[in-house]
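In the part that follows, the structures are each spelled out as structure tokens.
In the two complexes that follow, subunit A is the common piece, with subunit B as its partner first and subunit C second.
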Partner chain A sequence: MTLRVLPRRRVYRRRMTLTWWVKNPRYVNYILREASSAFLTVFAVLYIVQFALLAAGAGPYGRYLAFIKSPAWVALNVIILIFALIHTVSWMFLATAATPVRIGAHEAPSWALTISGLVIWLAISVGVGYVILRG
Partner chain B sequence: MANDDIILRVERYDPERGPRPYAQSYRVPVRKGMMVLDALNYVRDELDSSLAFRWSCRMGICGSCGMMVNGMPKLTCQDPVDRYRVRAIRIAALDHFPVIRDLVSDISDFMEKLPNIQPWITRTEEKPLSAGEYLQTPEERALYANHAACINCMLCYAACPVYGLDERFLGPAAIALAHRYNLDSRDQGEALRAPYLSLSHSVWECTFVGECSEVCPKHVMPAESIQREKLRLALRWLLPRAAFRRRP
Partner chain C sequence: MRFLERLEPLLWALFSAGGTIAALLLPVHVFLNNIAMPLGWFRPDDYDYTHAARLLGHPLVKAYLAVFLVPTLFHAAHRIKLLPHELVLPPSPGIATPIAYLIAAALAIAAVVVIVLAP
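Moving on, here comes the complex of A and B:
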């Protein structure tokens, strides 16, 4: 009996398309979350620039204060704020799913951790907002 | 066409016929309680015996009937056709795996990776037989029970865009299984699994899309397992060795 060696299998590979993330709302959510980090980076850079301008003296900082009143600038900040909120809320969902918190022999359900996280975050935000706006 | 007929639009592939897949549609009369797998079996029994697909248990145990149904990875033996309100249901082999023929995909990539995470109870110190079995309390078992339910159906790989873009990624089920054994009170293998899990195409490649946990028919929660393994690996790296108590 001769042993027949099978030819190498010819297979078909379905490749991912550039628009793979559009077909499922959860993928869209994921892409928004990833994209939000770009907007948060822009915000962080602008924040540092703002400090540099403050250090540069009243002249440059005054011009900066006038500039940030422009509608385009406000619009950019609104977009950044929306992405910052998306990022924070989705982070609360993800981080709590990833962190096992054990109470006695049982693990705390992640929804309870998410709700606690959101409540703490809101309380801190309101507290900080109060301090800033009052001053 | 009878009112309760459905159309199965199957993406077929035959290497003898050409390098590209082609679509073929079949009309199937719907029976009460019919699953997508039953509809495919009707096609093979009554209409076209050349249609190739895998199945065995028909009860969500063997994990061999995974396919893309209307673009989503599904265990077809657990997927009722009347869930799809449309007349035509699209069926294709699982995403992200090479297709051998019709709806049969080649999952050897997973099978080759799997032994590297030592998916079995690994002991560095064996007790003598006379010491009896390794006992475990129900609470200790509950820690990993859901991760142990994996049936290797590969739906999570088909749902994972990270694996789709880079098949070197170890992937959801394999890491979930590593996590399952790392949580097992009888296991002492975490230190042995850690170097492999720390490789660049392992846990750190996961960006927590989370879809693997959504599609998993057994609630294994692979996405959460991967993040928890990241946490364990980071702590292992940060904390002094004395912080890790060796299991008895």
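Moving on, here comes the complex of A and C:
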């Protein structure tokens, strides 16, 4: 850690409101995409708790299965799902814009990469769903 | 902070990998495990203790879940560290960065421990 002693200065700081982003759709898009990360973490915490209860045995896991039938649990997870979908769709746009794919001399258009990404997502989802239910 | 600067390439790689992994895997897990199953859209024995224990008992499933959750947590931390600055705090790098990565690291360790221990 380097310590630098700076003279006291008065720094201009533009006042920012908590809702600076609501008026412009591009900013709304940006904040929703960034905020989705918080819901990714919430989901991970729910999974960690579920696995911990599974590790604790059939009794605790049975109480977990009874608890998740509550409407509040389902409501929370509908919100998590909405942000998960925001993450998936926005990531397919971001990632395909950030990584150009060249085939010979031609560069694949980013919309084609985005659609390919979404198709791959659907295919993987079906596969994972099959393992979760029938595996 | 110096330590975090040295880790920057690794953290950036985890951000990118975790973003892709979460984009591909998260929605189906949330939908099936946390919405469809509690609402009883599937047969009860599709998600009872025996079924869950058999799934989690498989080493490939354990590896899969670790590869799903750990990069996802570090991906999220990479964005969460900026959220307070975008919304309320002054726009300078601050205390939110080490806190976000510490929480992600603690949760990643917890995730690996419970995945290994379960069922």
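Everything that follows uses one rule, which is that the second predicted complex is superposed on the first by the 114 of 135 C-alpha atoms of A that agree within 3 Å, B and C clash if a C-alpha of one lies under 4 Å from a C-alpha of the other, contacts with A are read in each partner's own complex, and residues count from 1 in each chain.
In the analysis below, a contact is a pair of C-beta atoms (placed from the backbone, for glycine too) under 8 Å apart; a residue touches a chain by one contact, two chains touch by 3 or more.
Since the structure is predicted, the reported quantities are computational estimates derived from the model, not experimental observations.
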* To do: Using the touch definition from the top, say if A:115 reaches subunit B (first), subunit C (second), both or neither.
  => neither
* To do: Between subunit B and subunit C, point out the one touching more subunit A residues.
  => C
* Asked: Now for A:9: first (subunit B), second (subunit C), both, or neither, which partner does it touch?
  -> first
* Does subunit B (first) or subunit C (second) touch A:34, or do both, or does neither? -> both
* In the overlay, answer first, second, both or neither for which of subunit B and subunit C A:135 touches. => second
* Asked: Counting only touches as set out at the top, which of subunit B and subunit C does A:22 meet: first, second, both, neither?
  -> neither
* Asked: Counting only touches as set out at the top, which of subunit B and subunit C does A:44 meet: first, second, both, neither?
  -> second
* Asked: Once the shared chain is lined up, is A:97 touching subunit B (first), subunit C (second), both, or neither of them?
  -> first
* To do: Return first, second, both or neither, reflecting whether A:105 touches subunit B, subunit C, both chains, or no partner chain.
  => first
* In the superposed view, which residues of subunit A touch subunit B and also subunit C? -> 13, 16, 34, 94
* In the complex with subunit A, residue positions of subunit B that touch it -> 13, 15, 19-21, 71-72, 92-93, 95-96, 98-100, 106, 139, 142, 161, 164-165, 207-211, 214, 223-224, 227-228, 230-231
* Taking the complex as given, what residues does subunit C use to touch subunit A? -> 1-2, 16, 19-20, 22-35, 37-40, 42, 46-49, 52-53, 55-56, 58, 61, 65, 69, 72-73, 75-80, 82-83, 86-88, 90-91, 103-104, 107, 110-111, 114-115, 117-119
* **Contacting residues of subunit A [partner subunit C, same complex]** => 1, 13, 16, 18, 31, 34-35, 37-38, 40-41, 43-48, 50-52, 54-55, 58, 61-62, 65, 68-69, 73-74, 77-78, 80-81, 84-85, 87-88, 91-92, 94-95, 117, 120-121, 124-125, 128-129, 131-135
* Can you name the residues of subunit A that touch subunit B in the complex? -> 9-14, 16, 20-21, 23-24, 26-27, 30, 34, 94, 97-100, 105, 110
